[in-house]
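Following this line, the structures themselves.
Next come two complexes, and both contain chain A; in the first it sits with chain B, in the second with chain C.
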Partner chain A sequence: MPMYQQGDSRSSEHALQNGEVDPAVSALEARQDEILRKLYELKAAVEGLAKTVTTPDADLDVTVSSSFSSQSSRSIMLEGSTDLDTLLGEDLGALRDIVINANPARPPLTLLVLHSLLSQRYRVLSTVHVHSSVSSVPPQLQSCLGPRHPDSYARHLFQLGFTLIWKDVPKLEMKFSVHNMCPIEGEASVARFLFKLLAPYPSDPAAATLVDSWVDTAFFQLAEGSSKERAAVLRALNSALGRSPWLSGPEFSLADVACYCCVLQSCAASSAPANVQRWMKSCENLGHFSSTKQLLQ
Partner chain B sequence: MALNLTINANNPPLGALLAAEHVKSSVQVSVEEGKDNRLHISDSIQFSDANSISRYLARVAPALGLYGSNLMEQTEVDHWLEFSARRLCDQPSLTAVLGELDKALSLRTFLVGHAITLADLSVWAALKDHSDWLSQGKSFPHVSRWFSFLTSQVPFSSVGNKYASKKA
Partner chain C sequence: MKFRSFKLQNLLIATEEQQAQSKKALKKQQKEAEKAARKAEKQAMAASEQQGADEDDFAKERYGVSAMVQSQQKLDRVLVRVQDLSPEKADQLIWLRARIHTSRAKGKQCFLVLRQQQFNVQALVAVGDRASKQMVKFAANITKESIVDVEAVVRKVEQKIESCSQQDVELHIERIFVISQAEARLPLQLEDAVRPDGEGEEEGRATVNQDTRLDNRVIDLRTTTSQAIFRLQSGVCQLFRDTLTKKGFVEIQTPKIISAASEGGANVFTVSYFKTSAYLAQSPQLYKQMCICADFDKVFCVGPVFRAEDSNTHRHLTEFVGLDIEMTFNYHYHEVIESITDTMVQIFKGLRDNFQTEIQTVSKQFPSEPFKFLEPTLRLEYTEGVAMLREAGVEMGDEDDLSTPNEKLLGRLVKEKYDTDFYVLDKYPLAVRPFYTMPDPNNPKYSNSYDMFMRGEEILSGAQRVHDPELLTQRAVHHQIDLEKIKSYIDSFRFGAPPHGGGGIGLERVCMLYLGLHNVRQTSMFPRDPKRLTP
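What follows is the complex of A and B.
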């Protein structure tokens, strides 16, 4: 027996054999419990802090935010689940604000259409400002993002900020996440960014590149090109739209938004060939393009 | 899958050739000389402008990350693709544009993220076509540093030696 007892004190496996616990083991267990308890306390403290960071006005009326969730509606025409946290990285508490500087001499029609689509998908806080570099901006441009939201004082209730500044810039520019992104120049690149917040590009490399190629054609040949180039693009549009209902195939895409707006802006709509006319009607039926026509009047 | 890239021998698209050189480990791209630039994918799909060719090649080899690793980097790549096509090509004076580029590169090794992307390829290619900017390189230290860093690497030096000299 004494020999067995010696064995007991060395290995904890045997310690419980006769209901006795080695004091050294129980001391260790007590220490482990204490450490775990401290870790749980720390975890709770960190979670509490995280909550105050992500909701800057956590003490604000809770009923306001709950009334929001009920009115969230899904976009009909753009399927595919997109989550802002996976697309843009985790939300660190501040509103993700997309700031766009645009020249009132050339209103960015595509971005207004995309803004309308974004507002259907996300809770968007939209604001329009006039920079001191431009003297006067027509009223329809100042109200182009719709009426001011009644809850606009509470920025934390929104998922995205869309701030349009009418400014005397040679080229449209977007500033977003300025710590790690350079300012983005050109309506085409900004439109690509906004569209990817709504729906992913086609996974097939050729189909995705076709969309991008139409976007480039719209902005550089339709909107800025000569009348000869414009006529060539209209012919290309017509033959593509003879093969499929939308420019990049069976699905509505950024190619349609960009080409529609640029055809409209280049005043080529009335002289457009038959397939293009039919496709423009289909775009208008989607209901997000009405603001573009008002702005051009 | 084998792709066929036809290039205009008198004015080779360096950016697209660099992209083809980068993706050759994952996709087979054969390069032929001809009248126009064209990437033949299938009988119904062909791309003829340099940016579309580059975009397609970057997308068929996603593991290389040439189009950036997330939505924000993709958008920056799009910005530089347009910058090189619209602001750097066919510009008589580069001073203002180089100033902007210098500012963008002041805190960066590569134009976008922490690795080579289409942005580096297309801007490098556009500058390579404008060899006269090197005479005022001293005023743009960050562009010069970035340009010579890329020039010293293999795909850039080989494509540069093989094609840039053909432009006379």
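What follows is the complex of A and C.
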């Protein structure tokens, strides 16, 4: 099988690079085989899903796969796993666990949407904990990452861990690799990090900056701003959405996630202008925003 | 002078007896007798002096040394507890029984600090229409740690009394009687024993080292810190029982004298047992499992556990209290982990909510960060732990056991990332676990076993047990265990045994680590280690 051959050559290369005969190579191979098998299953599942979805959700799949268009679909899935290696650092043979500390007084809606997107792309082990610094957390927050995965007893079967801890923190923070990274503060920064695991930022600097500026607008002016500022943002959103289906152009991006969640949170949804209303509908049609609405009820 | 003649007679008898003895001893004895005689004379003098003075003492009925309480009478007197002395009781006349914590006489006044367990209150005897000069003198001369009965009026104070637990009131004593007199010289001073480490050095004051404390444990246990520690420990036991009982567990009692060691004979105490020898149980493991095979489903037991390890560390005792759990599960041993971790979380929550005073008291002497935990408890797999350690630069093999320093380092890494002092490490390598541990179905190098950690130190070791007699025999042979010795154990699984798992916690360690103390002897009331068998 070509898949196996590829796997073999890579792991032996790896051993050569290290300049040592690693006895763990065979174990590594076995693990890789296992991962490949899971990926294959995942791919089948995603393909099945893609067929049923007719909304702009397909756009996302297209953006992801378009950058690898020269390769066969099988190697796209493979690239998905090496993607995590290049993005998050070398695979140490253990779950890569992203820890997010959030205050239950301010649930991070954008991160929940991104979690839903990540779960579609990777095998994500999602867990919710309550830290001893908060005494009680409403049940809908405790189950905000959806029902427990049936395989959650075996952590090694997952590619990515998403651990949400409800904790008494002044500012949302993310901890990933405690050795190489300082804790990341702020919902916007964490959202940018998570979105990069899903799709590369637009390679055009202008487009990338546009996405960033929308994210800033969402968190500073919509979520924290006065009613005047909010109205101004809504007008700006309306005119931008008159020009293109999504905020940063033809493709769905982090800008849409951030702005959608902040509009929802600032309760400006009902009074929003027509283009914004239409855009919010298309966001909701993607299916990843359902948890946010439940939390706000 | 009846007393004196008795002494002389004594001396005479003694001299007769000692004629055969050496001259030196005789001389010594004589000297001592003389000394005793002189002392008696002095006392008699003091007594007569007192009597002379008593004649013009209008308050002599209001103080003194009470006759020994032999249950002569049943007084209808209500003794108020020190902790209940609050401004609401102001201007009431009350009785209370307490110890003399400190006393300080100053001319016509004498200040006392009366202590009852971890609470204390300031009291005052002042010369006036209620107390005489002699009474104040008497109060000032009561030895520290004596127990007294006091009748006093509760008075509000203008300025808070910072040194006492009851800061808003003081007592104006009207009567004071000594119920039990303490010897004048104490082996250690209570104030020295509660002084935080390091503070004494700055002020040039004494601190008491651990051995002195333990040698005089009865006095050391009176300190506010010890009082708080052992009240909290009792709370741990109670919360453990309450939580498990609510979950439908049954408490069992198991024998501690056993015929065979469960994990080889390396670290067990041997005791002679009539014509043969027996061992002291190193865990109630076998009995818990037999109860499972006898359809008790969910059992726990609280009792002594013995380890004959000759290790003199801050966390090893040779006898400690084990809190043991064993339960059947349906399909996956994580049901057991969840049950145990939930119990632990209930204990932590109970302590956090109901024992805040005790926690604060201990942290005054031994400052530490409050204990943090997650609900549900964080579970990591062994390979993840190893990966975290490797990332931190530790070189270790996949199947190596965690060394104590690595355990602590991993605890710090987990704390940094997840901010929890309590977590579970799952899927240990099979090679480092006892023979009755169930192997992992997916990877025979690993096992269905787990450790739980508090502040980076192991408090519980548990696993799914092998309930199949064939596999159990096979594992025992692999571990080179004499099958004859564990025959009855293996046989108990032959007649239908449900899948089960469990674990055992050390009570002293849990208390030590919850409070962030540094030595397990601090949380053991009468510690036993390779070098200590008394008190």
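Criterion: the second predicted complex is superposed on the first by the 215 of 297 C-alpha atoms of A that agree within 3 Å, B and C clash if a C-alpha of one lies under 4 Å from a C-alpha of the other, contacts with A are read in each partner's own complex, and residues count from 1 in each chain.
Going forward, a residue touches a chain if its C-beta (ideal position, glycine included) is under 8 Å from a C-beta of that chain, and two chains touch if they have at least 3 such contacts.
What you see is a predicted model; the values in this text were computed from it and never measured.
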Clash or fit: chain B against chain C, after overlaying the two structures on chain A? fit
Between chain B (first) and chain C (second), which does A:A272 come into contact with in this model arrangement: first, second, both, or neither? neither
Considering only touches as defined above, state whether A:S132 meets chain B (first), chain C (second), both or neither. second
What is the contact status of A:A208 with respect to chain B (first) and chain C (second): first, second, both, or neither? first
Quick check on the superposed pair: does A:V99 touch chain B, chain C, both, or neither? Answer first, second, both or neither. second
Give one of first, second, both or neither to describe whether A:S177 is in contact with chain B, with chain C, with both, or with none. both
Once the shared chain is lined up, is A:I165 touching chain B (first), chain C (second), both, or neither of them? second
Lowest C-alpha to C-alpha distance for chain C against chain B (Å): 14
Residue by residue on chain A, keep only those touching chain B in one complex and chain C in the other, then list them. 177
Listed in rising order, the residues of chain A that touch chain B in the complex are 87-89, 176-177, 180-182, 184-186, 188-190, 192-193, 196-197, 205-206, 208-210, 212-213, 216, 220
As the complex stands, chain A meets chain C at residues 24, 27, 92-95, 97, 99, 101, 127, 129-133, 153-156, 163, 165, 167, 175, 177-179
As the complex stands, chain B meets chain A at residues 41-42, 45, 47, 49, 51-52, 55-56, 59-60, 70-72, 74-76, 78-79, 82-83, 86, 104
Which chain C residues qualify as touching chain A in the complex? 332, 334, 348-349, 352, 371-376, 378-381, 383-384, 386-388, 390-392, 398, 413, 416-420, 442
